[in-house]
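Please find one structure pasted underneath; my questions will follow.
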Amino acid sequence: MTATIFAAAETSTEAAHQATGWFLDNIWILPLMPALSFFAILFLGKKMRCRGSDPGLLTTGLALAFSIAAGIQWLGSVGEGGTLPVVGEWKWYSAAGFDLSVGTLVDGLTIAMIFVVSLVSFLVHVYSTDYVKGDRRYTHYFAFLSLFTASMLLLVISNSTIQMIVAWELVGVCSFSLISHWWEDKSNSGAGLKAMLTNRVGDIGLLIGVAILFFAAGGTFSVLEINSLALSGGISHLVLLVAACALLAAVASKSGQFPLYTWLPDAMAGPTPVSALIHAATMVVAGVFLVARLYGVFFEGFAIAGSSINLLALIGAATTIFGATLAFAQTDIKRVLAYSTISQLGYMVMALGVGAWTAAIFHLFTHAFFKACLFLGSGSVSHAAGGTFDMRKMGGLKQHMPHTYKTFLIASLALAGVAPLAGFWSKDEILAGTGGWGIFGGTGGNGAYTLMIVMGLITTALTAAYMTRCVYMTFHGDYRGEGHPHESGKRIVVPLWVLAGLATVAGLVNLPKGFQLVPKSWTERFGHFIEPHGVTYFPKIEHATPSWTLGIFSIIVAGAGISLTVLYIKRKQQIAERTSQSKLASVGYNILVNKYYLDHLYSGIITKTVRGPLAAGVNRFDKTVIDGVVNAAGKTSVAAGNIIYNQIDQKIVDGLVNATAIQTEEAGEELRKIQTGKVQHYGSIMFASAIVFTLLIIIFI
Amino acid sequence: MNQFLDDFGLSIMVFVPLITGLIIMLIPRAKEELIKQLALGSSLATLGWAILLTVRFDIDNASTLQFVVDTDWITAIGSRYIMGIDGLALPLILLTTLIVPLCIIYSFNHWPEPANPKSFLTLILILETGMLGTFVAQDLILFFVFFEVVLLPMYFMIGVWGGQNRRYASLKFFLYTLFGSALMLISFLALYFLADGTAAGLDVVNTFDMRALSDGATGAIARTSQLWIFAGMFLGFGVKVPIFPFHTWLPDAHTEAPTVGSVILAAVLLKLGTYGFVRIAIPILPEAASAWAPVIGVLAVIGIIYGALGCLAQKDLKRLIAFSSVAHMGFVMLGIATLTNIGITAAVFGMVAHGLITGMLFFLAGSIKERYHTLDMSKLGGLLTDAPRMGWVVAFCAMASLGLPGLAGFWGEFPVILASYSPAAILSESMFRTFMVIAAVGTVLAAGYLLWMLQKAAFGTAGGGSVDLTPGATPHNGDGDDHLPKANTAIKDTTKREWIAWAPLLVLILGLGVYPRLVHEVVEPATEKSLEINVGNIKYDCLELSPSSATDCFNEIRNRNG
Amino acid sequence: MTVTQFVIASAVLFSIGVYGVLVRRSAVMVLMSVELILNSVNINLVAFGALHDNIAGEVFALFVITVAAAEVGVGLALVLLIFRNRKNINIHEVDLMKG
Amino acid sequence: MVAQNIAFGVMVGIMGLSAIRVVTTRNVVHAALYLMVVLATVAGLFLLLGAEFLGITQVLIYIGAVIVLFLFGIMLTGARIGKEKLLSHRNKVPALMIATVITAVSIYAAIDYFGADKLPEETRTSTKEVANSLFSQYIIPFEVASVLLLAALIGAIVIARREPHEENLTK
């Protein structure tokens, strides 16, 4: 199957041309490198002087170089009329009526993904050599990091749905084993279990969805063929809708969407670099990637164009609000970030739901940098604060660890959507893409998703607020912990700065359409290179042109979120100062009051913020209803298992079997009385029966 | 040489273990070394011979029987000595010949109580002959004989070398299977008397020859009779599989059997039943198969869910693995019930995969029991600390068993789900799509119990305890190890003997997972042929028609014959 | 001569033998009765052989005699053994097979 | 034909009476002797049927060997030479019934099936014919029979032989 089939059908002025390049053709080498590293570490790691970290570092470094090279080749071959993807295909096997091919598919989405994955993976490797130094399972840790990188790269370059399933499950297993890395503690292995099980629930949808699409597309797993058929109307809308809903379950579990996100905060039990790599930057966006990859199916199945609401967008929007409000209720810094991740993933899914494909991928791209930076920063902080992640035991770390503070602050601002950092651009792109204009002016977009833009704006304010709180609790005020805070080493700080730098500038690669301050050729570069166009496997998407009103308004919203929180904190401190002034009698007493007050202040922020009750309510809903259902399902299953086993299996089914045996035994008990052991009795019986038989023969024959 | 292989290859492969077993019987018990070497040597020779046959096997014609032997046997009842292998049998033969030497290696110098390696090895070798014979037999009576030969050694193995409750378990196993095979024999006899191959251009009237029977000699049998005959076979094979609700012998037998017995039971014996379906029931009686397929499908999905729920309720590790077999065999049966090429090929793959994975899990259970002297999961734990390598092997096998892509188990599950989305046209599509969803839910439950098992057995600390570690608290500071549990030095990690016995299985689990083509390529043509309905030279495609036209199609075959 | 008269003679001898097997207490006597039964069979064999002009009847009678001789030999050895162990040969008392 | 029928009647009469005595007499040695008579009349019946080799064999083996064996058995098992009270047990009625019914059924069957089947005039078979048949067609059963005899011989010795320590005890 060559890519020529997917040549542009539309009448474009310039025909789409085939991208070429050694790196693009041989992209299969990319996942192979970390895979080899996995085996090397697994079998030889313990004998190495580095205890297994070097092969991982080396291969992820090479992978990063490879990705960059591939990216450059891709950029060089993107044409104006559209670019056909580079497809490599190998027949895995062809049997039993279905052709099973594996292969590579390189288009803009792939290029963006491999860059993100290999970059974050490389930085996390560097970071980890310091962070998990001396861990009893250092080797095992690096082995699984390598395996994860390999699987994730395999996922993003795959051209068939079955290959996606393979990689999808493999990243799940890596996630499981890394979450339960410190499995001596049952709560850690429990978290791993929860993650894996929740993902398996979603996998039902994946398996079914892939099965449906396989038959609907006439017996193929090829992503390109499925998408093309879906878009050309070769598959009925109902089938697409069912398949898309099934796949959505997989997306919800992997990408932490409502209502299957509960595993993600628990997954923070794993080592922090793992959280940064797997549970923030890469694996959790696999769901987003799946939707983006099979966008033809989702686009047609949910009838995204010209609509104002659909399931995908709704789930995304709900998740983004849920995640953001929950982030307020947390005292654990990693959990704040975890809920923030959920919220941002909701953003991406919502963007895909409203048809803003490029914006979603762009947000995925920028989010990976600033969220990885935040996670790695939180690891650095915990390192300094004696291993705790509890923000109540931090505070005032600004002075002790300036680098961590600065990078954390940059990343937080980027996340909060402060211009001109990366988050601002990608977030605005999404808001514009909803096309829910109403008050803001602007043009374009695929529909009129007014609800989505409102929810997006609310989340912007919430995000800004909870990040402010998080930064304040961690770095400002006085130190409340017991350890001796200190700045982390170079191998931790350098990755932080790299990511912070990217978080600063990444937004500039996709300046919005119609941005008047720069030449037109500078705008939408990301979209131009990443979004497939001039091909049949990708829908034609209307790009929105954002208005200044919207941009300014969203900055105002974010700014309001930040300043309200700061004001709130400040006002409380003024009260505190006044209190201390009125009670100057004793300095010691004052300190006590201040200390007490600060503690009170923080607990006050949690419980008495304006959105406090809401967050608590959502939290409660999450803990009792959603998680409760999961737990109840588990418990019911075990109980049902017990009942079935003890009552039905042991008593009825087995009972019948045993009853037969008992009957036989009783009959035997009766019959044994005939067995006198006396030969002549037997003889009598024998001869008597011989007579009977003879008689029978005589009579009947 | 090649001619010799063609003529005697199968007979030699089947009977070498038996003959060695008889020779071992004649050797005095005191010469234990000689006995062991002889047994191991002969099982390895059988493996080598099987590989030789595989090399000679013409893969391009995997659908035709090869190495066919056809001579008189019991002329009085028209039963002939017919053997032959095609793509369906080949993987299972290789599996069998591989598992047996591994079992012998595993138990080398380390016999279950009451030792007596002489009898133990003799039984294993007789068992091997029975299993191989079942896979190569092409005559119903010959098949039946081998099918039954398997019973007795297994009975003794459980009854003599088993656990506490062994007499109950062995008896249950024996009687249950015997009950099934009695009905099966009746079905075989009925087939014999009703078979008529004249209309199909075959020169046979009453025959036990499977080739003739599947080539149209059964076409004239009335639908009702077909249904009853199939029912008999269904019970016979179904008990062996075991299909819900005939499964209760399995957990008992597994729990009580010695490790090696469990391994052989899980790896090969259960496959005799499913193999019977694919080899005999479906090709010979396609019409009845299509009528029974929904029943099989329902029982299969019940088995999947039921087995998984059963697993969640278990406290004993071996019992849990045994129940998981019920669930996995449910997948195999669901694949068979779809009556499609994809489904049945996946089912055969599932048999091989289940043989490897569950066999491996039972090996592990045996080794764990040896080290901890219990299989009670509430008392286990910390295997990863005490014996890290074995712990990882357990984790690997659990992952394989829950159907992780890239390992063998996946290819027995996913294609089955795929196939049930679109079963043979004669079957109800909506019904099988429901099965698909239920089966998919079964995969989640499978993940549930296997991970739970893993958590109980491998994670944490012995006695089911857990150390209170604050997540992420200082384990990276080097001194973090102090408050971690210390490994129990009394527990030995995987020994060399165990590695030798396990390595081939582990490699195959991974290898077949990455490259399933190895099996599919051989099985697929044979499956396709087994689903073809040939009467003489005419090919009918009744299974691929809608239910009403299929009835006409079958009637047409009958009229042609009648 | 008809074959019937020989068959009847053999039947009578057979029945007497059966009676003996069933009522005799001494193992030696039981063995003697068995000889009667065997002889009745021989009569039948030879008579039918004559009827069908088939030599097989006679040959098989010869075999029966051979087997009978062997049977008596082994049987008496067993009786001897029983006698040595129990000091009598009353088969009514040999009931170890009692269920 | 008449002569043969008379001979038949006489022999069967003697045979029947002697046979009854075998199973009813209270003297073991007498029983053995009556048995000898029965065997002799059976040999006569064989001759009557033209089976001369068989008749002679009957005399040689049965009367010559088997009876002697019985007598040895009687002596070695310490049976009383003379009348014995408890040679038969008391439950004779069922045995008698069974025997009678067998006789009745057999006679009925014989008459029913072969009522008028006359034996051929000439039924004599020569020893040569027997030998030819035995050593060609039936050679394998013949060899098997010889092995059986050998086995019985060894078996009887093994069973009846005293163990060495038993001999010591008796000494």
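Think of it as A, B, C and D in the order they're written, each chain with its own count starting at 1.
Definition applied: contacts are C-beta pairs under 8 Å (C-beta built on N, C-alpha and C of every residue); 3 or more make two chains touch, one makes a residue touch a chain.
Keep in mind it's a predicted model, so treat the numbers as computed, not measured.
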Self-check item: Contact-richer chain pair (by C-beta pairs counted) among A-B and A-C
Solution: A-B
Quiz item: What chain is the most remote from chain C, judged by the mean position of CA atoms in each chain?
Solution: A
Quiz prompt | Distance from the mean Cα position of chain B to that of chain A, given in whole angstrom | solution = 38
Exercise. Could you tell me the distance, in whole angstrom, between the mean C-alpha positions of chain A and chain C?
Key: 91
Self-check item: Whole-Å gap between the CA centroids of chain A and chain D
Solution: 97
Quiz item: Using mean CA coordinates as chain centres, what's the chain B-chain D distance in Å?
Solution: 59
Exercise. Find every residue in chain A that makes contact with two or more other chains and list them.
Key: 684, 687
Quiz item: Which residues belonging to chain C are in contact with no fewer than two other chains?
Solution: 18, 22-23, 92
Quiz item: So which stretches of chain B touch two or more other chains?
Solution: none
Practice problem: Spell out all pairs of chains that touch, sorted by label. | Solution: A-B, A-C, A-D, C-D
Quiz item: Along chain A, where are the residues that touch chain B in the complex?
Solution: 92-93, 95-98, 131-136, 162, 165-170, 173, 176-177, 180, 182-190, 193, 196-197, 200-201, 203-204, 207-208, 211-212, 214-215, 268-269, 271-272, 382-383, 386-389, 634, 637-638, 640-642, 644-646, 649, 653-654, 657, 661
Quiz item: Which bits of chain B are touching chain A when the two form their complex?
Solution: 171-172, 175-176, 245, 248-249, 306, 308-314, 340-342, 344-346, 384-385, 395, 399, 402, 404-406, 410, 414-415, 417-418, 421-422, 436-437, 440-441, 443-445, 447-448, 451-452, 455, 458-461, 466-478, 480-481, 484-485, 515-517, 520-521, 523-524, 527
Self-check item: Residue ranges of chain D touching chain A (in the complex, touch as defined)
Solution: 94-95, 98, 101-102, 105, 108-109, 112
Quiz item: Tell me, which parts of chain C touch chain A in their complex?
Solution: 18, 21-23, 30, 91-92, 94-99
Quiz item: In the complex formed with chain C, which residues of chain D make contact?
Solution: 1, 4-5, 8, 12, 15-16, 19-20, 22-23, 28, 31-32, 35, 38-39, 42, 45-46, 48-51, 53-54, 57-58, 61-62, 65-66, 69-70, 72-74, 76-79, 86-89, 91-92, 94-96, 98-100, 102-103, 106-107, 110-111, 114-120, 123, 125, 129-130, 133-134, 138, 141-142, 145, 148-149, 151-153, 155-157, 159-160, 162
